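Please find the structures below.
In the two assemblies presented below, chain A is common to both, partnered first by chain B and then by chain C.
So, the complex of A and B:
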């Protein structure tokens, strides 16, 4: 009976992980296909589709666009999130509770609504559809996240630490640079990487707000419209690999700060 | 008397509509150890925050070395604070923590390391320089916080309930060391606490605060033995309190009439004033001698053995519900149910006007 239960629970675990990871495994495996269709039987391994991806200027430029948008929009989101968290945590502001609620509200709004809203506004003010518009969209969706993470780590116990620094002659700039930022860096790094991964594979907003130069997920979607081929698998695998690396870096940062 | 190092003049402050300080004036002498003592909500921490520059008072002024510092930021006034939670910089080594104030003053690295190490020696932590704060015990962190505040040579060092987070034994030990360090460096210390034993052990100048006002101030010996107010008498330790009325005044002596008789006392009060006579438990005797004044007879209701002494509660036989509190030597033989004669020397009667 016990053996049977163990067998059952192992099977259940296998089913869950299979359900989550099988699509990814299939994607990665058939990106190594040497023939023209990503369907069984497996004919690889071969890197010809990766070569094709890297030789496709539209895909490579989309890849760099995505990296640039992810990095820049995340840096902006983290900077704004940090400053607003600092403001809420350190100063008595009128209607603080309501304003904190408002700043985190976009977390619950669908990307589609945010994207459409931005599209309407950008139309009104005459900002063309481009990577800048998409970047602004990514700041809008990632700022609440960065704010929430950083604000949650900016505890009251740090108030006295900052006061101590000021008491010992530190200017506000010194307090921020030598005390607050170093203490906060795990939260800042975590929110930076998290928003980079979100921006990296965000589709809806990029789709609505870009036209000629676009991000990788949108370019992949363009590619898919002409049907499946191992090239889409290869580029998908690359996207996945970047996300995995970001996730690992994030885990390492979060794990490292636990003993302290 | 030397010129005061710090003068706080007519300070009033309130949080919203709640008044926390009410026209408080305080002078601090160079090299003194001042203790602000009071229950929570008495305004002692607010007064310290105003002195440290973390709060700007609604009214009044703060002069340090004759300079008006009322509006000056903490960074720009010659005070440093040891916080209750130590507030060490968790990401810096102990040496860099202690050297932080010097770094802000632009002292070069080698010099500030040398001074930081010196300060660590003073507080008894010569080996901690390279450690991180989280590797230290509570008492050690406390010392680091003290070294960090001392190393910049402030005019006044402020300590906000510095021993509050330590256990009793460590607290008494740190208390002795604080006093020794203060005498060694000669900096004026201002220390906030609600523990009257701590206050008496440390203070040169003891300031008792209650409800935003200074109730009494002076040497701890004076404040304990001759408290100015009823609150001070109660806060500095228990006493037997006998209500009475001043019935006659002759020269510098008054006669106070109470339920236990009339007592002549050397004090100033107008005829007809309601006053309270207080007797400290160690002055209350249960066996009369030739110099004693007595308070009728009383029935012992409780004897509590407390090591070096016994605490005795005795109920008056003439006034039911009135208790005398005495602290008598442990070898003294008293049992519950005994009838005793509570009495004291006339000079141990403390008259409290308020």
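So, the complex of A and C:
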């Protein structure tokens, strides 16, 4: 019975792993296709589609746009989230619960609806579709996340350390720079990393709010219009590789921090 | 001194105002604008509910909502049923020092871009894609299956994503389970199956509900997967909304549809609220 159970478990787990990895393996394998269609039989390996991606100025500029939007919008979201979390955690404010609820509310709304709402008001005030508009949208989706993560990590323990610093004569500014920021660093880093991941991968808001200069997911979407294409495989595999490396780096940082 | 205490009193507000202002300007204001737009609000005072009545009377519109609910319901159910045993195996059958690696592997494709992941399934399911190729080659089929551009493809694409998500949440709730409960059940004479049914399963249900709720909310609002994998043969709500924006430029109707979709999510939240609250305490 026990052996049978182990056997069944192993079989089931392998089947699920197979299901999870099937599309990724197919994506990467057929990015190495040497002919024009990413379908069997496999004709590679060849790197011609990777060359095609790197020589496509639309894709490379979309890559830089995506990086810039992810970095800048995440920094803004983390800054706004940190400063407001600090305010709410340190001071008793009337209506605090309500205001905190308001800041986290966008978490429950789909990106499509957030993007559409922004499109409506940007149309009204005459802000053209561009990367700035998309960046504003990315701050809207990431601010609640950054706020929630950082706020949840601001406990009484930290308040007491800050109070001690103040008693010892530190100014507000010194407390912030020398005490709060160093203590909160893990939460800040985690929210920055998560924000950048979400912004980097975000499609629908960028799709609605940009026109000519756009982000990588939108440019990949445009590639899809030409049907199945090994070039899409190649750019998809590159994005995957970058994300996996980022995930490994994060994992290593988290692992190193855990003993403390 | 007086000057200083004034600054002290203003400081908390200076800290929280930027985030509040951002939320009001770029989240609340768009909502108000969409609500007014959906009611065809006129500055002179006129407004109508024609966009909403259109949704309830035009079959092609409310059909999209029914499709969305059916697909999302199926996806949530299948994902939970697939993910629970998988998470259980990872948490209970795999030696602890390998668990982290096993879990990391299980969510690795999470890191591909969302658009690319749907496209990859298109490669797998296409008329002459990998699945059909394998089935034809082994002689199991004589004609290729029509998988791409169907509801089945949409569901497969969604299930792929949400099995990973649910495995994470269910794994976490299995791990949080206090081992002494299990020991107590064993001491009282329950075998592994009874322990699972009467102890482990009921205690992990709140975690499952949280994951299922997340699945429902994220799937029902997603445009990418149904558009790439399902195509335009049948529309889901997000596709219908995008169509009003893109092809027809009908923002009032699109706004009404978006608010109806939000109402559905709110109803789902209220339905799950009991369990969601348990999880928080």
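The rule is short, and it goes like this: the second predicted complex is superposed on the first by the 257 of 260 C-alpha atoms of A that agree within 3 Å, B and C clash if a C-alpha of one lies under 4 Å from a C-alpha of the other, contacts with A are read in each partner's own complex, and residues count from 1 in each chain.
FYI, contacts are C-beta pairs under 8 Å (C-beta built on N, C-alpha and C of every residue); 3 or more make two chains touch, one makes a residue touch a chain.
Treat the numbers as computed from the prediction; the structure is a model and nothing was measured.
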Which superposed partner A:165 touches (first chain B, second chain C, both, neither): first
First, second, both or neither for A:174, with chain B first and chain C second: first
Partner chain in contact with A:93 - chain B first, chain C second, else both or neither: second
Partner chain(s) touched by A:71 [first = chain B, second = chain C, both, neither]: neither
Touching partner for A:157 - first (chain B), second (chain C), both, neither: first
Touching partner for A:182 - first (chain B), second (chain C), both, neither: first
Partner, of chain C and chain B, that touches more residues belonging to chain A: C
First, second, both or neither for A:16, with chain B first and chain C second: second
Partner chain A, residues of chain C touching it in the complex: 11-16, 18-20, 22-24, 26-31, 33-34, 37, 82, 85-86, 89-90, 93, 104-106, 108-109, 111-117, 119-124, 126, 128-130, 133, 160, 163-164, 217-218, 220-224, 228, 238, 241-242, 245, 251, 254-255, 258, 261-262, 265, 269
Chain A-touching residues of chain B, taken from the complex the two chains share: 52-54, 73-76, 79-81, 83-85, 87-91, 100-101, 104-105, 134, 148-149, 152
Complex interface listing, chain A residues touching chain C: 6, 9-10, 12-13, 16-17, 19-24, 26-27, 30, 38-40, 80-81, 83-84, 86-88, 90-91, 93, 99, 102-103, 105-106, 108-114, 116-121, 123-124, 136-137, 139-140, 143, 147, 172, 200-201, 203-204, 208, 216-217, 220-221, 224, 228, 232-233, 235-236, 239-240, 243-244, 246-247, 251
Contacting residues of chain A [partner chain B, same complex]: 157, 160-161, 163-171, 174, 178-179, 182-183, 260
